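Worksheet for the structure shown next.
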Amino acid sequence: MSEATPELPSADLLHIGAHTFRSRLFVGTGKYKDFAETSAALLASGAEVVTVAVRRVDLSARGEGSLLGFLRERRFTLLPNTAGCYTAEDAVRTCRLAREILGESLVKLEVLGDPKTLFPDVVQTLEAAKILVKEGFTVLPYTSDDPITARKLEDVGCAAVMPLAAPIGSGLGVRNPYNLAIILDTVKVPVIVDAGVGTASDAAIAMELGCHGVLMNTAIAGARLPLTMASAMRKGVEAGREAYLAGRIERRLYATASSPLAGVLGSKHA
Amino acid sequence: MRIQVNGEPREVAEETSIRALIEALGLGAVPVAVERNHDLVPRALHEATALRDGDQLEVVHFVGGG
Amino acid sequence: MSEATPELPSADLLHIGAHTFRSRLFVGTGKYKDFAETSAALLASGAEVVTVAVRRVDLSARGEGSLLGFLRERRFTLLPNTAGCYTAEDAVRTCRLAREILGESLVKLEVLGDPKTLFPDVVQTLEAAKILVKEGFTVLPYTSDDPITARKLEDVGCAAVMPLAAPIGSGLGVRNPYNLAIILDTVKVPVIVDAGVGTASDAAIAMELGCHGVLMNTAIAGARLPLTMASAMRKGVEAGREAYLAGRIERRLYATASSPLAGVLGSKHA
Amino acid sequence: MSEATPELPSADLLHIGAHTFRSRLFVGTGKYKDFAETSAALLASGAEVVTVAVRRVDLSARGEGSLLGFLRERRFTLLPNTAGCYTAEDAVRTCRLAREILGESLVKLEVLGDPKTLFPDVVQTLEAAKILVKEGFTVLPYTSDDPITARKLEDVGCAAVMPLAAPIGSGLGVRNPYNLAIILDTVKVPVIVDAGVGTASDAAIAMELGCHGVLMNTAIAGARLPLTMASAMRKGVEAGREAYLAGRIERRLYATASSPLAGVLGSKHA
Amino acid sequence: MSEATPELPSADLLHIGAHTFRSRLFVGTGKYKDFAETSAALLASGAEVVTVAVRRVDLSARGEGSLLGFLRERRFTLLPNTAGCYTAEDAVRTCRLAREILGESLVKLEVLGDPKTLFPDVVQTLEAAKILVKEGFTVLPYTSDDPITARKLEDVGCAAVMPLAAPIGSGLGVRNPYNLAIILDTVKVPVIVDAGVGTASDAAIAMELGCHGVLMNTAIAGARLPLTMASAMRKGVEAGREAYLAGRIERRLYATASSPLAGVLGSKHA
Amino acid sequence: MRIQVNGEPREVAEETSIRALIEALGLGAVPVAVERNHDLVPRALHEATALRDGDQLEVVHFVGGG
Amino acid sequence: MRIQVNGEPREVAEETSIRALIEALGLGAVPVAVERNHDLVPRALHEATALRDGDQLEVVHFVGGG
Amino acid sequence: MRIQVNGEPREVAEETSIRALIEALGLGAVPVAVERNHDLVPRALHEATALRDGDQLEVVHFVGGG
């Protein structure tokens, strides 16, 4: 969090593998209008980790380099994803290429089950994770909100698990807080909610559950005012994290007065 | 000789190295990774690796994505 | 909001009667451990408007003055409430006294229906509002989430309406977003959600609905770490406001990819 | 309920004023395609109480009588409403006429606040209720889900209270179960949920909260297959009532096995 | 459904593999007080399919036979489960034994991931399903609400899929209706909600989503009055199914009058 | 003489009773209630109550409604 | 003479003004409002208003509240 | 000779068949299934299958479960 209150340790840091981050908001770099909008939104989000995709160089086009240049110059941590892969084999191959590009072994593993829901294929994801961990990658797998699968991903050595809140790009928010709560009870590695967030309160809710971070792209890039939404998400994640650390009041069906009862004038109830 | 780069046919001189091809593609300054015939070729070997007729190359880089 | 993005007017101000505020978080000053905690929490919240209660001076006790001194020195706008009143008559009498104390005519009108739910008595509230408006008060009435009552309060000249999200101190959050949405469609005066908020995402949700502000006390004062929760609420309100202004993506049952589909390696689906 | 289980008193009856009913589903008679559909749907619903509106005889039209004839022949209890009234005066006048038509003093009091939301004007409703009770009517008032207003309606002598679940005809279901639960704690007269139900589970949810009955019209008349929905609603109300009486299991975040753990073959966990 | 309305085909039947059922409520036979309660509850539920567990004969105890005798005499369809199995191997072995007992090949495949959540191990479940289908079993697999896993189970030849609504015995109801809706869009085999239902409205909600049946045990056996809850569940499932077939009204934020607007007396709005 | 029934003008003979009017309107068999000049006229008095020139009558009944 | 302040009996000298009473109560520096016999006494009149025997006074101020 | 049934040791005569054992266990009327040394023994073979010393038997049936 930017400014910690006196009640908190001076810094509330997120550790993933060998990495340490202050920001708990991870953002994608796709779907923006142009490079200027992308870079402005990334800065407004306060994110330290940004995802990128691995794609064939388009030999007909040119001058695509600007994004990567910006990301490296601003010292963002790059998180290459395997978006678009539907088999463990394709995902592993993509991760190997990603590592070769900049020599970093941090990857977002994403093996999709079908193009309509973009839900993960958890069987293929587990297979790919096993191989990648053996090859020394720091693996952050996109997964369903099934606690058993999350535990298996931890067991094979993933550095975090990234359950979905709702389908990628759906903006439905946390559909099943119960499963996320169980995952948080079940695994020791950080839990980063990946996909499905639509607005700032969705991000806050994920953090209030105790999740360690939130990853999003469409919710910011697809908003009417992406920079403003990036700022909203930054604050939403921080607000949710602080509320989690602060320890909220319990829910009660009935009321409790917030002004003193003594010294009221003439009330029959005082 | 004739090779394929990212699915497109291309003529290159004998003994062209992967490094040389990358330069020729104007990608000398761009961080890329290369597969030859589905096998990754580590950057350290780009210089030393000579292309052969019929080679299939994939040249990839990072683009915006979520 | 603290820092506006380039996409927004340099300032997003809240106008209530003759008053103008930058912060949309209103906080109570009750239920804190001590004065030190109260003042630190108020500062952490970034609030400009704070509620106070009107009570008989306790002639046996002494040195109570510190809170008011702090509030005036820091230029907080005081919003005296009529908490504890169960009749229009008591509430009007309390408001007249409140105005006399500092000469300010801004009041939070609160006429309760019973001590268990602390729900408003809307009939008595309407009566009191009529009288107070005639006497030149700037009236902010605590009310139910009934749109018809909200409209009547506007009709009699209230400067804002303050529907409850849930029972005072319950921490249940926005129980009925539909009614709040209808109130926002129905009245032109600002709508400040008063009571029921429990955590930061609750505040964000109220703001994302389009509410103009949120008033709370127990959610901050009753948290395990009140200063941290005050900061969380500040960010939650700002996050919700910015998300509202940014225009969130639409909710959809199915997914949309956030990485480009072209140039994927070897995927059967690409 | 049709067939009670051995665990229950042979009959589970609903008492309102001097009336006793077996069915807890009250249905409206408006918005059906024709008389045949209306009568078939009423029979399929198993309802004993049906609402009717009081309107000027259309002197140009003829033969409208069939509905009333059917209702009287089948011994339905008629519940004339004051739909369309926006003042206490109009509602009282309408009730007096209603009583004159058949000599029955059971009325559904409905004083609307505006034509867009059709929410009740609780101030006018309270005024009308006072007058009607004095004149000997058995008053069933449509009201908001505000517990204070519900208590006042009971205090002035209403025989039941009929809070809305959601706006009339909206089909949104029980928007605020918390308020209904508080109303059920607050008043001793029967609580009949009136308006807003959209499907069978909505009716079941209202009954599971402990409500004593449900009144609906649009949800049945507006369904694609009204007779089938009438049957669904009948079962939904009975299901919800029985579930309420049966005492549901508590909600728990974690699982409990429903098969015995002993004697499992070869499981590492047994 | 017991009595179909004229609007519906005379019978609304559920087909699973070679089996045909009228009732869409499947019930377990565990956790009841005694045999008398079990049999009375099964009859009250109207269920045709009941689950049983396969366990070692307790050679010290005696006279256990009564339940099976009752089930066969009343012609219930037995659905042996593999509850308590944590590996594909144990589950397959248990199914083979189950088939040997009565010569029926209908089985409920259940491979658990851990004893705390009783969530399925979808990897092991898929492996077991493949083997069992090859061996000619009619396989009904308990699974998570992940649409990709559901599709794979259909692909390997399961006769239905049984996603959980919530953890077994939790009574939380349908936690993620979105995933169930996507599963219903994705597979062609019947979708039976298995586990997590707590009360009648939960069952109705599952059926209103379009699910083809509901399986439960704890919600009935654990209720204060199990027979009454069994009847409630029967009606809840029928109500939800009929509401689904009837085609509910659309949800709208605003109201629509259910009484005619013409001919109202003296209303300013009419 | 001239009266109004449910907002429409109508000619009736002198001394016509409310009962007679209802019959004339073909509503003899229909359960209705009647207001004259905004005052309810109990059924018991329909026979005995003679209409006067300029009377405003409301004749209402039950229709389907929710 | 004898008056009541916030429900407690109190002896004050004849001709004591409300202002003087407030000082005597040690509230000179505290922003307060005063009712005498249920009627508000504006601050401007505190000096000029003399208490009478049997007066009932309410002296209120702001405290923390939500 | 000595065998194990559902984990408990048991003495049976030479040449005892599975069918005979089931009868001896008082389970003749109960629908059960039997594994010998982890292999299922179809009912049709219960008569013909003679137990051997050290056999491990599992005898299972249906019980209430969800």
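Order as written gives the chain letters A, B, C, D, E, F, G and H; numbering starts at 1 within each chain.
Keep in mind that, in the parts below, a contact is a pair of C-beta atoms (placed from the backbone, for glycine too) under 8 Å apart; a residue touches a chain by one contact, two chains touch by 3 or more.
Here the structure is a predicted model, which is why all the values come from computation and not from measurement.
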* Which chain's centre, taken as the mean of its Cα atoms, is farthest from the centre of chain G? -> H
* Asked: Quick one: which chain's Cα centre is the longest way from chain A's?
  -> F
* Looking only at C-beta pairs in contact, point me to the busier pair out of E-F and D-F. => D-F
* Asked: What is the distance in Å between the mean C-alpha positions of chain F and chain H?
  -> 93
* Which whole number of Å gives the spacing of the CA centres of chain A and chain D? -> 46
* Using mean C-alpha positions as chain centres, tell me how far chain B is from chain E in Å, no decimals. => 57
* Structure fact -> Residues in chain C with touches to at least two other chains are numbered 28, 30-31, 53-56, 58, 81, 83, 93, 97, 114, 117, 119, 167-168, 172, 178, 182, 217-218, 221, 253-254, 257-260, 263, 265
* Asked: So which bits of chain B are touching at least two other chains?
  -> 6, 58, 60, 63-66
* **Chains grouped in pairs wherever the two touch, ordered by label** => A-B, A-C, A-D, A-E, A-G, B-C, C-D, C-E, C-G, D-E, D-F, D-H, E-F, E-H
* Structure fact -> The chain D residues in contact with chain C across the complex are 113-114, 117, 119-123, 126, 144, 146-149, 151-152, 166-167, 172, 175-176, 178-179, 182, 186
* Asked: Residues of chain E touching chain F in their complex?
  -> 257-260, 263, 265
* To do: Spell out the residues on chain F that touch chain E in their complex, using ranges where they run on.
  => 58, 60, 63-66
* To do: Under the touch definition given earlier, write down the residues of chain E that touch chain D in their complex.
  => 3, 5-8, 28, 30-31, 40, 44, 53-56, 58, 81, 83-87, 90, 93-94, 97, 112, 114-119, 167-172, 198-201, 203-205, 208, 217-219, 221-236, 238-243, 245-270
* Structure fact -> Touching chain F in the complex, chain D uses residues 28-32, 38, 51-59, 62, 64-65, 67-68, 78, 80-81, 83, 93, 96-98, 100-102, 168, 216-218, 221
